[in-house]
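Okay, handing you the structure first.
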């Protein structure tokens, strides 16, 4: 018992808490940056893949290829490829950029599928009606299809965001100063592994679980009021 | 530094790397099967178990779905020894992935069980089916149809997560890529090839699963 | 010259021919009904005219102007001539009745919102929905939705209005209100092509009836001829079967 109290005292010092807090914020920032860029790219990809908007089959085919390939590369391997690709290009970029790039590539492929499913959930006759009224593909997307897609689109996107937050822990492999790296450093300074990893597990859980709950809440809200 | 892509130095290792892909697949199969068993048990508990058991399962699923797999494995590998549980890196990774995918498979199978329609069972009973017959002819075909696609998808995900094993020194596909990198220092080439191997591996697995689904369970979904 | 002239029009879904050598002409203010068994190409003909399915060959002329369906610009010009009301209403689910009617004139034709809204209110009033301007599609009955769809089509001021089985998806008690609305348009002199299974109604409003089968027009004539004295065996058989019910 005294050992535990002793450990607690050694672990929760002012500087360690600041260090953990910074790691926590780093994780949040990294997730936000990766999600933000990835979702924008993924949305564009889904639009490019839509045959009501892009008539050129070649473009749609390229998008399918991109999505299929990037969804089949493990996050860790993609991270290493991005890491060495920046090095190869001679670009001296911060670890944050490397990790965020990987997250964005990963997220773009998955979110393209999520958005596609959302767009396809709207009945094709809505496109037909817009088309016969001479609305262009993008106008129909913006005014008719998207407003009806959010319901189907947002909940899985939120769930996927939780997955992305969890993936950021792998960025510890290239030394990005996020939560998992923080735990590894504290552990290497002689603090107990249980304390280090236990603490960040709790922090990850708080972050992810609140988002999961929010996604569930949104799902219910969106279904009951779709406008 | 003037770096040019040189795949030549890497080609002698392609077979070694393919062997790594085979190891990855083996880890994936074992972890998946354990996870599946966990998922089946937990989903059954959620369906038929008493309240305390359901709360425990709920807690397990919620925890594993909302924390990173990598940190879960760190915990198993570095913390459990303090409590007297010594595991090899291979065992720790396997248990970590299995527990993690077990959480997901609990969710998948719970949804599958929930989709069984009472009316169909009642219809079978009015036709004079016995309990066993209605399970054999009504419930099982329905369950396999509903569960096969998401479980296939989960297997692909598990296959990709096995790359984390390399962090703990397991010499599967990514681990062997690290090894080759240590010898040749052609980092970008070797990890790009590893990425391609993962794409090929999962495409083959997806194709096989599609064929199985199509010919054994008559599932008419798209392969990819 | 006739208001709409279609010559040798053919179309296919992939390799399956669905329309073969369609010839027809409609005068201004005329109402043409298309009847025939399902799969005969009635709805496909309308889909081709409004540019949802590209024709393989043939020509379409409206008010002396030859329509092209080959590139987006020409397609836009072709679609301006027509408006279509669908079997499933196809109202935009995320918009009120009023917005459904005003969206195309304001967004596509860039007309002044105030002016368009006044017109839309008048149109909805005309189809008997002046009291439901702010209702969303899922808050309305099928009959009401279909009447909004008709108002929406009229707001485009088409040369020709296509009605594609507009009562087929409705419960029997709601059919009458929609048919009444169509009668109103007929009285206004709207040029219309109507695909319908309501034979009594067709006989009443149509000037001309076309019988289609297997992607071809088999027989054309005034309703009395097609229903009471069909000239072809196929048509006689179809009409006989329908009218016996």
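For this structure, a couple of remarks:
In order of appearance the chains are A, B and C, and numbering begins at 1 in each one.
Going forward, contacts are C-beta pairs under 8 Å (C-beta built on N, C-alpha and C of every residue); 3 or more make two chains touch, one makes a residue touch a chain.
Treat the numbers as computed from the prediction; the structure is a model and nothing was measured.
In terms of which chains touch, the assembly is arranged as an unbranched chain of neighbours. For this structure, the chains sharing the highest number of C-beta contacts are A-B. Chain closest to the overall centre, judged by the mean of its C-alpha atoms against the mean of all protein C-alpha atoms: A.
With each centre defined as the average position of its C-alpha atoms, the distance from chain A to chain B rounds to 20 Å.
Remark: chain A and chain C have CA centroids separated by 47 Å (rounded to whole angstrom).
Chain B and chain C have Cα centroids lying 53 Å from one another.
Touching two or more other chains at once is no residue of chain C.
Note for the complex: chain A touches chain B at residues 68-69, 72-78, 80-81, 84-85, 87-88, 90, 162, 165-170, 172-173, 180, 183-184, 187, 192-194, 197-198, 200-201, 204-205, 208-209, 212.
By the touch criterion stated above, chain B contacts chain A in their complex at residues 1, 3, 5, 62-63, 65-72, 74-75, 78-79, 82-83, 156, 160-164, 166-167, 174, 177, 187-188, 191-192, 194-195, 198-199, 202-203, 224. Across the interface of their complex, chain C is touched by residues 125-126, 128-135, 139, 143-144, 147-148, 226-227 of chain A. Residues 50-52, 76, 79-80, 82-84, 86, 88, 90-94, 103-104, 107-108, 136, 152, 156 of chain C touch chain A in their complex.
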